[in-house]
Amino acid sequence: MKAGIIGATGYGGLELIRFLHQHPEVSSLQLFSSSEAGESFSAKYGHLQGIQDAPMEAIDEATIASLDVVFASTPAGVTSKLFPSLVDKGAKLIDLSGDFRLQNRAAYEQWYGKGAAPQDVLQKSVYGLTEWHADAVKDAALVANPGCYPTAVLLSLLPLIKHKLIDPSFLVIDAKSGVSGAGNKPSQGTHYSETNENFSIYKVNKHQHIPEIEQAISMFAGADVAITFNTHLVPMTRGILATSYAQVQPGVTQAQLVACLQETYAQHKFVRVVTDVNAIGTNRVKGSNYCDVFVQLDERTGRATIVGVIDNLVKGAAGQAIQNMNVQCGLDESTGLDVVPLFI
Amino acid sequence: MKAGIIGATGYGGLELIRFLHQHPEVSSLQLFSSSEAGESFSAKYGHLQGIQDAPMEAIDEATIASLDVVFASTPAGVTSKLFPSLVDKGAKLIDLSGDFRLQNRAAYEQWYGKGAAPQDVLQKSVYGLTEWHADAVKDAALVANPGCYPTAVLLSLLPLIKHKLIDPSFLVIDAKSGVSGAGNKPSQGTHYSETNENFSIYKVNKHQHIPEIEQAISMFAGADVAITFNTHLVPMTRGILATSYAQVQPGVTQAQLVACLQETYAQHKFVRVVTDVNAIGTNRVKGSNYCDVFVQLDERTGRATIVGVIDNLVKGAAGQAIQNMNVQCGLDESTGLDVVPLFI
Amino acid sequence: MKAGIIGATGYGGLELIRFLHQHPEVSSLQLFSSSEAGESFSAKYGHLQGIQDAPMEAIDEATIASLDVVFASTPAGVTSKLFPSLVDKGAKLIDLSGDFRLQNRAAYEQWYGKGAAPQDVLQKSVYGLTEWHADAVKDAALVANPGCYPTAVLLSLLPLIKHKLIDPSFLVIDAKSGVSGAGNKPSQGTHYSETNENFSIYKVNKHQHIPEIEQAISMFAGADVAITFNTHLVPMTRGILATSYAQVQPGVTQAQLVACLQETYAQHKFVRVVTDVNAIGTNRVKGSNYCDVFVQLDERTGRATIVGVIDNLVKGAAGQAIQNMNVQCGLDESTGLDVVPLFI
Amino acid sequence: MKAGIIGATGYGGLELIRFLHQHPEVSSLQLFSSSEAGESFSAKYGHLQGIQDAPMEAIDEATIASLDVVFASTPAGVTSKLFPSLVDKGAKLIDLSGDFRLQNRAAYEQWYGKGAAPQDVLQKSVYGLTEWHADAVKDAALVANPGCYPTAVLLSLLPLIKHKLIDPSFLVIDAKSGVSGAGNKPSQGTHYSETNENFSIYKVNKHQHIPEIEQAISMFAGADVAITFNTHLVPMTRGILATSYAQVQPGVTQAQLVACLQETYAQHKFVRVVTDVNAIGTNRVKGSNYCDVFVQLDERTGRATIVGVIDNLVKGAAGQAIQNMNVQCGLDESTGLDVVPLFI
């Protein structure tokens, strides 16, 4: 298979390169850039010396359409314009930006502050939370790869909501992310001396992943759900841990909660149900495509603590994108992704 | 004033030394240890070479009683036995452990798994959340210095509860702490290679600070309140940030929430009401006795996000203890504590 | 191939598991432990849930001999006793400890403070600095895998010494390592709160890697060389960067120094000669088997700065061990090791 | 005393504010900025809310001259133009930039790439390595505050050079710094995700502190000395540790080396001679004005390892500047600087 990446210079792009390089079914990889075409990739990213030295290419529709699969790891607002003319032209498309995740165009425009993708293309796109939508992904010409926070949140919450074990009406989701989620562009908020040894909260009640999470939860809850969702910056590079809180439905037990998660993911190797709280942490999934989930009922209050943990750059971005590619292309979903977490 | 510290070798003890050393009214400082008497303190802690070289002394009641003020920075279960015979014997007592924080002895024994302090001594002790109980602290022979998490949580929540702006019946508190809160004893859970680059959750629904927070909130709510409270470990050394979530009472506005905090703390320099979310973070209080508080109403859901930030070793331990000492001894509460946060 | 690891619970062992799991020629992996036999591996290391769940086995000579290849990742003093009876019994042996690295038994006993391995077994063992000794490794029954520091130092220095471009008589090597080099056992020196934000020097002039480096350099210098070598602890988990200083021989130019490195490693993909100083750093090799080398002549002083960078757990331990296994077993040296550095 | 800071928005400026705020003899503090006059300081740096809220002022010569003491914490090339007209106009001047450190104007222009300060003003300026030049500082109108690296290097090396215990002809200095030394301006090289978990070397043989160190060493060596000096970036915020290597003169013993350091600094409280290698590390001086020095002779090679450790922002910048101010103003040198290191 011939693969391409548009916008490879971001961290999502770097992780796509890392995994595609060792993917047994990918024989060639081309990198496209609007602003840096012609530059050697390893001159910019020295860790790829001897691995990815070739220069980036200009974005050319015909070239892109001739590939088997194309990933876009671009800022919001790019693929909504770039992808419509490429859909069904040959290459399978996988978009890592938020442009095709929200079916509600007004919601996109409100939360992203940009024009939404065309309605007809949106309707063709499939939300690629792989474990939940593999059947649709299989036939999709365009996959909207989920956001990093929504991946950790939805994989841990959806089973409990679908099976009506928790009450979705007062759902508090407190999420924490490593700094790589902010991308590769320097700013005061990611300047080492001011980020190191600092735990902070950001975008209070304003994160653009809120409507994405609500869209998926509402679908399974069977009603419109408004969540409380906040995000924090952790002084580390990789990893997301999302802690959610909800009242359980009357009579629900800890055993039922755990069983629900275990049954849901029995056939899905990348989601692991962890029952030892000491084994829940971002370093347990670091560098890998795993999502670890955990649930604990507090008998005193009747509320459950539900945790989802991922590497934001892998299961939360590049890894899940390749998992979707595998499904789109009829491969085993774990092809090329079967790596062991680094832990340390 | 002559001061003493029992259990000075812990991190709370180190911070007491740091601040007492520069306290203008403290003329001498003696360190007591049951297990390490006779050892030079700076041989153990090299950063104190030339500053605190004198050997530690054995714990002797007469010597301790002869001091003006004595801090205990000992594990749970020590001062409940050591302090009763010292109360009203001369030295003002300030306990940094949890032994005198809970008026309900059964709750202490349930959450701490140890025998509670005697009822009569408990009744004499005063809970030293300084900004809220300065009048009682002033006359106290024994101050129970608040826990680190409760300090961050209560300073941010109590004004809103007292003034009935938020509903205490579904209160979710998601707290995060740097690793110094785990103390100075090495363990797998604080081993650098497994702690670095790892964000984790611990003691789910089981933290011993839960009854301490509930005791204070219930008092101001006028009813027994059961909270949801969870704690996370952040890969950094100092700092606590607690994010709380509650439904606001009907009609309450963002302006009212902020005004409530500002009015409550107008005369309390160590609690700062921050209105710029970009200025909320643990490095803004690092090394100092400040507690920064922040509130944001989400109009979409009618829920408020309330944040409290402290340096767990200062406002959450040694700093607040000295603030209490100042009040007990009739000094300005900021004496010796007026240091600027390090930020970087 | 059937592989086994003795002492798999250390960090070297974890990395062996990580790479052997994805090695295309390794069909089974057994873990042996003297003290933890019978325990599930993933119960101890949660990141391996679903990956390496099987219990560890007791150390049994017959079982071990029946394997194709056996790695020992044990403390000093273990394999000197365990391996002699296993040599030439079937399984290829690769020792990650220092027990077979020094041909001079007296030197071993002086620097390690333990009894040396038997002389006859030492003579059979091959020092597995793969790029320099592949021919000998090919036929070896027992490979002494190099130490982490020596790997970074020797790969950067040996070409320049062999080709007499630098003067080995006043060689200063200033090395820095991440904390994972200290292993997985908690201690005050690796306690997070005292290790984080601390850069320190340790084992001044006493590191047991000194004789290992001197043995290799002396061989290529053609004379006994005494080096100055010091080690520092960097507040990060992975990575070694060694900075060496030497006078260049009269007339030697920067171009000659670079060319010497480039020619030496032209056919060795895992050693990369980097010419852009901004691309020299431990994150450029993180998680991978690369060693990056760099040299810069200071015209003012006639001295060269020579840098070697590795991931101490990969090229400095498990990666190089598998590289040696590949050579011993007639595979391409990069089989199963062809992973891209994480960078972030 | 009325104090002022020009260029207060850098990290050196922040530390000046931190210490001047608690200096007992400083009654007022004015901040000057060319580009940000009129802006509230705490709006930019939230950790100073309630502490330093006043707006910055434009740079006005008359206002500045009317103060008792003025610090400049500006980029290279600013004070060489700003200070000449202010010398002897009233305010004592302390320059934290490199503009007045090199008496050799050609060397300044070569290493800094900017025009040097006027010769006559240079001659009036005093190099403020306080422990070595207090007599000259006392009468100085203009103090050139030493660079961060030179402070750590010179305080550890000068005693041994002055007393001819080490040979200055082959001096290798390998220095390591936390990231705060790079200042507060975001760049790719200080972007958190690429700086964290990365140890790197930079400015190989090109650091502008080389001539500053050589100037001081040459003076005490009695001959022109060319050093080898390299700098590394450590993934931590504060701290410098410099490791120097030199041959000792024949017959010199470890005891003599230690005694030389101890005698030199017997009356200087801010330089501590540490004899326990386990107590040498940047966290032992963090946040304080101490410089810890250590020496170890390697009997095998006849070479000494000499270590100097400072907090780059305190003893390496703001702390030493205030120490100089104290001396210039006839105060005890430790006034306002007598703070205990944070350690954790």
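Going in written order, the chains are labelled A, B, C and D, and every chain counts its residues from 1.
Convention: a contact is a pair of C-beta atoms (placed from the backbone, for glycine too) under 8 Å apart; a residue touches a chain by one contact, two chains touch by 3 or more.
A quick map from chain label to UniProt name: A, B, C, D = N-acetyl-gamma-glutamyl-phosphate reductase.
Predicted, not measured: the structure shown is a model, and the values here were computed from it.
Asker: Any chains in contact with both chain B and chain C?
Answerer: Neighbours common to chain B and chain C are A, D.
Asker: With centres defined by CA atoms only, which chain is the most remote from chain B?
Answerer: The most distant chain relative to chain B turns out to be C.
Asker: Could you work out how far chain A has to rotate to sit on chain D, using CA atoms and steps of 5 degrees?
Answerer: 180
Asker: CA centre of chain A versus CA centre of chain D: separation in Å?
Answerer: 46
Asker: Can you check how far apart chain A and chain B are, centre to centre, with Cα atoms defining each centre and the answer in Å?
Answerer: Averaging C-alpha atoms per chain gives centres 38 Å apart.
Asker: How many Å are there between the centre of chain B and the centre of chain D, using C-alpha atoms for each centre?
Answerer: Measuring from centre to centre gives 36 Å for this pair.
Asker: Can you pull out the residues of chain C that are in contact with at least two other chains?
Answerer: 11, 180, 193-194, 196-197, 235-238, 278, 280, 283, 286, 343-344
Asker: Tell me, which parts of chain D touch chain C in their complex?
Answerer: 170, 172, 174, 176, 178, 189, 193-194, 196-205, 226-228, 230, 232, 234-239, 241, 243, 245, 247, 277-278, 280-283, 286, 294, 296, 298, 300-301, 303, 305, 307, 343-344
Asker: Considering the complex alone, what residue numbers of chain C touch chain B?
Answerer: That would be residues 11, 179-180, 182, 184-188, 190-197, 235-237 of chain C.
Asker: Can you list the residues on chain C that touch chain A in the complex?
Answerer: Within the complex, chain C contacts chain A at residues 11, 14, 17-18, 21-22, 43, 45-51, 180, 197, 237-238, 269, 272, 274, 276, 278-280, 283-287, 292, 313, 338-344.
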